[in-house]
Amino acid sequence: MTWLPTLITESPEEGFELALKLSRMGVKKTQPNDEIRGKLRSVYEQDADALIASSAVVATNFQTVAAANNYWK
Amino acid sequence: MTWLPTLITESPEEGFELALKLSRMGVKKTQPNDEIRGKLRSVYEQDADALIASSAVVATNFQTVAAANNYWK
Amino acid sequence: MTWLPTLITESPEEGFELALKLSRMGVKKTQPNDEIRGKLRSVYEQDADALIASSAVVATNFQTVAAANNYWK
Amino acid sequence: MTWLPTLITESPEEGFELALKLSRMGVKKTQPNDEIRGKLRSVYEQDADALIASSAVVATNFQTVAAANNYWK
Amino acid sequence: MTWLPTLITESPEEGFELALKLSRMGVKKTQPNDEIRGKLRSVYEQDADALIASSAVVATNFQTVAAANNYWK
Amino acid sequence: MTWLPTLITESPEEGFELALKLSRMGVKKTQPNDEIRGKLRSVYEQDADALIASSAVVATNFQTVAAANNYWK
């Protein structure tokens, strides 16, 4: 079962959720260990710079998903 | 009720506001706790590097919104 | 009166100026206090890393403005 | 035998794997020594900032691969 | 006399030079003082991180110039 | 003789090599001194953050080259 069957979503909000998923998979593929990611998360979710950097990744992935869906027009 | 019903806006200025909203949601989805985000905000809004990084995220999201609106032409 | 009536400009140079304006608004919307931004500016305008990061934001916004104007062709 | 015969993949998930490969080749071409990369990896895979930065590179490469595949539509 | 009369160039190499110019103007518009920029330059041109960040800005601007020229095809 | 006669390449792999070249020229144009770049290289090629940042520049340039080649389709 694939984690990414399609880039097509029913709505912009679902598209944003998919962008979040792509961003997290970008991390998970480099650090597959759930426990280590959990520890790191408890640190960076309190770090403004890391949160802004995370939002930048989501923005890039959202560009891809939005284009795939022709901007839900 | 969805927070992102559409990427279409009536004007470029509203489009920029939507880009800001997308950028903040990128942070909020990683750190959903309002209190923690409030504390972090009081720090990074006085930090030039963080403000410039925030503006970079807004710029990326504004690209998406502007394309969705065919640049309001 | 809107600060962003249109993305269309008469020339590439005006388009670059608009990209600068968009980049600064991305900061101003996060830190609306003029005095604080003024203080931060006096620091980061002497910081090479911050200047390069600013130029990166302008470059991203210029992509948007240039596309909106069909590259002034 | 080329390491990059095509940008076309059968599915979005394979496209994401290709984006990861491109991101790693971007590192390998600058640091071809496997042993040094292995040492660096053991450090940065425990560093949240580096993991987020890696995810940003994957997101940029995924944009390219997704466009090449017309978003698997 | 404008510093940016057009995004059209005769060749890819001239387009790359224009991307460099746009990147430097992005800095100059934030720090117009030639003497200060000169001092900063003597520091960051010996700083690998700053050089890589500069190359990133050039890459973004080159995307814009290349698209404007239909990739010189 | 130009260092960048065209963005067209025969294959995706050659396109990736061109993206590497563009990324390095972005550095070289800011720091033309070969000896200084050589010294910096010996440092940053052992620095994970710098390697990831380099890979990000290559990814941006690869977007341009891939688009120029219509993704080698």
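Each chain gets a letter, A, B, C, D, E and F, in the order it is written, and its residues are counted from 1.
The criterion applied here is as follows: a contact is a pair of C-beta atoms (placed from the backbone, for glycine too) under 8 Å apart; a residue touches a chain by one contact, two chains touch by 3 or more.
Everything numeric in this text was worked out from a predicted model, so none of it was measured.
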Shared touch partners for chain A + chain E come out as none
With chain centres defined as mean CA positions, report which chain is farthest from chain F.
B
Taking all residue numbers at the chain E/chain F interface, are over half used by both copies (same) or under half (different)?
different
Maximum centroid distance from chain C, chain identifier (CA atoms):
D
For the identical-sequence pair chain C and chain D, what's the CA-based rotation angle in degrees, nearest 5?
180
List the centre-to-centre spacing of chain B and chain D in whole Å, with centres computed as mean CA coordinates.
27
In chain C, what residues contact two or more other chains?
47, 49, 53-54, 56, 60, 63, 67
Considering only which chains touch which, how would you classify the arrangement: line, ring, star, complete or other?
ring
Ring walk start=chain D dir=chain F returns D, F, E, C, B, A
Under the definition above, what is the set of chain F residues touching chain D in their complex?
11-13, 16, 20, 45-49, 51-56, 58-60, 62-63, 66-67, 71-73
If you look only at chain E, which of its residues touch chain C in the complex?
2-8, 22-27, 29-31, 36, 40-41, 43-44, 47, 49-50, 53-54, 56-57, 60-61, 63-64, 67-68
